[in-house]
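By letter and in written order, the chains are A, B and C; residue numbering begins at 1 in each of them.
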Amino acid sequence: MLEVNNIDVYHGNLQALWDVSLEVGEGERVSLIGANGAGKTTIVETVSGLLTPASGSMVFNGVRLDKEPSQRVVRLGVCLVPEERGIFFGMSVLENLELGAFHKKSRKVKDETLESVYGLFPLLKDRSRQVAGTLSGGEQQMLAIGRGLMSKPKLLMLDEPSLGLAPIIVKNIFEVIKQINRSGVSILLVEQNVRIALGLAQRAYIIENGRIIQHGDAKDLLSDEQVKDAYLGTG
Amino acid sequence: MMFGLVAQTFINGITIGAMYGLIAVGLSLTFGVMKILNVAHGEFLMIGGYIAFWLFTRYDIDPLLGLPLVAIALFLFGAVFYKILFSGLVKFHEEIKMKNTLLVAFGLSLIFPQVARWLWTADERGITPFYSGGSFPILGVRIGYVPLAGLIVAVVVILALHLLLTKTYFGKSVRATSENYKAAKLVGINVNRTYLVTFSLGAALAGLAGVLVVMTQAVVPDMGMAWTIKALIVVVLAGIGSVGGAFFAGILLGVIESVSAIFMGPYTVALGMGIFLLILMFRPQGLFGKA
Amino acid sequence: MNNWKQFSINGGILVLLILVPLITSRTDVLTWLYLTLVYIALSQSWNIIGGYTGQINLGHAAFFGIGALAARYIWLHFGLPLPLAVLGGGLASMIFALAIGVLVFRLKGIYFIIGTLVLAEILRLIFYTILPEADVMPMKLLGAYSLVPRYYLSLLIAVITVAVVYWISRSRLGLGLMSIRDDEDAAEASGVDTQRYKLLAFNISTFLAGLTGGIYAYYSAAFRAGGLFEPVWTFDAVIIVFVGGVGTIAGPIIGSVFFVLLKQILSLYLPGGLHVAVFGVLFIIVVLYLPGGLIELMTKFRKRTSAGDQ
């Protein structure tokens, strides 16, 4: 479904990614794990069209993504729920959700999608008239995911959805992510919290200093001694 | 007698202030959404005034009927200049973007008056339709037809803009872009197009204000900067972001000016500028710190 | 070798400029040179704060105006000797800059730009109101009016401003100023007292602008006080510096020569003021594509031709 082949990405003059390749299959749940600053966010931002790779290619369902602007990428069915959520604080919850269905195809079925998002996050329905800036952290994360779903994505990328949230809320949100996946949406998850990430994903890639150093089944990685040492800290 | 004077002063302040508000919303819009401080805003206004003057003298089109034509002309005008000069700058880091776009607009503000002088000479141009000079009394206060028309135009345009920004998908995309550029891209908004339209809309608003200026006062090639400064004062009073805020701040400035004109005479204009400087210096966020 | 060559060229030009009034008495030539020198002084003084320090001061006219007005009063109305008057003009400007400096530098970036613009506008409005009458030179002086001493005064002030900028560009002060221009926060972090440096640059710049105002006080037969504060005094200086080459010594000089030349040539064929439009276009081109101005263009060109020779 999504194929990223050997991309190099620069921030200005600084190279951030070296020869990164990865794959997400139809209906799959995949995680990118690694330390802060390893380049996880850069990968998903590049896929979503915020950054352009200097070399390499990205293909989604047979369409080249690497030169496409973000609005085209969204229309093709790839949506990123960004780090720190990117909520429009001054606008109402409903307006935020409506903006999620910005491109024409999703705008047509906006009302049905809205109902299904409310089904996943009933809380958003109660708060629909409220200004988004007044929501709590967990509610904002739900809104961000809900807004992402409004674009009717085939692939949903989530950047650190657990950031700054209480464990119980994180658990909740990850339940919903699984539910979204069951409805046929592929998931590409960026997480610093390796245990949760590997708990959710079927496969995972480990990033270090802008390079992919390892990948495999989540279960195998969970029991890998090196991974345990480096990321799980329990030994 | 005293009441009449006070009421008249306020009415005058409100009618001129509504026009100030209209001038300021365009400037506020472009700065709020794209962080471009268009210091050529007053020059766009000047050009709008001259187009209305042309329409009136050459084609006998009443300035009020000419409003949509001027708006369209200035919209296209703004779009062309944005495409050629500004669109390449928006990708830069915010501080550099703000400075360089301001400098480009500053360059335009030097060029336009010279071109206008060449096209229309340096003479004052005004429009006097048949109803100008007419007025009607209410409660001992005289209200001129032209200022009243100006007030109505300003209110209608600002209401329409408010509805556009809050009720339509386009308007929501503009507000979203101004709040969070990156998130706007991620929901699929074509930010470059939003910028183009926003800038052009700002120019169109300036053009509409120019029609009011040519009707109630007059246009000269060199007047642009004075109007830009007027708009800046209003925007500073209002804070950025809300269209209604700019409108009411415009009225506030209009009333302050017409009241202080009684006591301070020619220093009135300097008073507005003084308020501007004080707010600028003593509000840590700079003028348009978000409320 | 290059230094020596440069030095002799500059010396030669200076000697030529000193000799001009002895060679010709054509007033048009003298006026043309006088104007160029005034623009050099004005733009070079702006260059210190705008070019080297990166603070785009759009209120430079205020300091030119204060200098001119103070010099005129000291010279004509108090009857003191001209050199004292011109110096007094410079000092008056600097004192005003000292008084408002701390407040003005509360503003950063674009807020500094529009803030200084409005500041000068306030002064312009005030002076048009409190001094509405034209200030005319007494008949006695007008009768004996000669361009030559005006020319020499402008030459002297222009040389002083260029020398000051030259000194700044090679001093620690200049390094500090340029570090502020490039990245104020980084400069602050690396130990530059940015506030003090900015104030210092502001004071030197305004002192020189005041001296330049002094030339005008001596030159002008009649003016209205408010007219000395017209934004055009600022804007001409700004576009000359940018088009010539911002933050360089030669830039404002070349810019001024080009500006006056263009003004003269265009005024033969077209209505006045279009040279400003042309410079406006050049200004925008410089901002968008050629941050080094004409100087950069000339260096590139020279490099290319010398590379072609080899």
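To be clear about the criterion, contacts are C-beta pairs under 8 Å (C-beta built on N, C-alpha and C of every residue); 3 or more make two chains touch, one makes a residue touch a chain.
Keep in mind that this is a model prediction, so the values were computed, not measured.
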| item | value |
| --- | --- |
| Farthest chain relative to chain B (centres taken as mean CA coordinates) | A |
| Chain whose Cα centroid lies nearest the overall Cα centroid | B |
| Centre distance in Å when chain A and chain B are each reduced to the mean of their C-alpha atoms | 42 |
| Whole-Å gap between the CA centroids of chain A and chain C | 56 |
| Distance from the mean Cα position of chain C to that of chain B, given in whole angstrom | 33 |
| Partner chain A, residues of chain B touching it in the complex | 169, 172-173, 175-176, 179-180, 182-190, 192, 241 |
| Contact set on chain C toward chain B in their complex | 56, 58, 103-104, 106-111, 113-115, 117-119, 121-122, 125-126, 128-129, 231, 235, 238-239, 242, 270-271, 273-274, 276-277, 279-281, 283-284, 287-288 |
| Complex interface listing, chain B residues touching chain C | 37, 39, 85, 88-89, 95, 98-100, 102-104, 106-108, 110-111, 113-115, 117-118, 225, 229, 232, 265-267, 269-270, 273-274, 276-277, 280-282, 286-287 |
| Chain B partner contacts - residues on chain A that touch it in the complex | 48-50, 69-71, 74-75, 79-82, 86-91, 95, 98-100, 102-103, 107, 147, 151 |
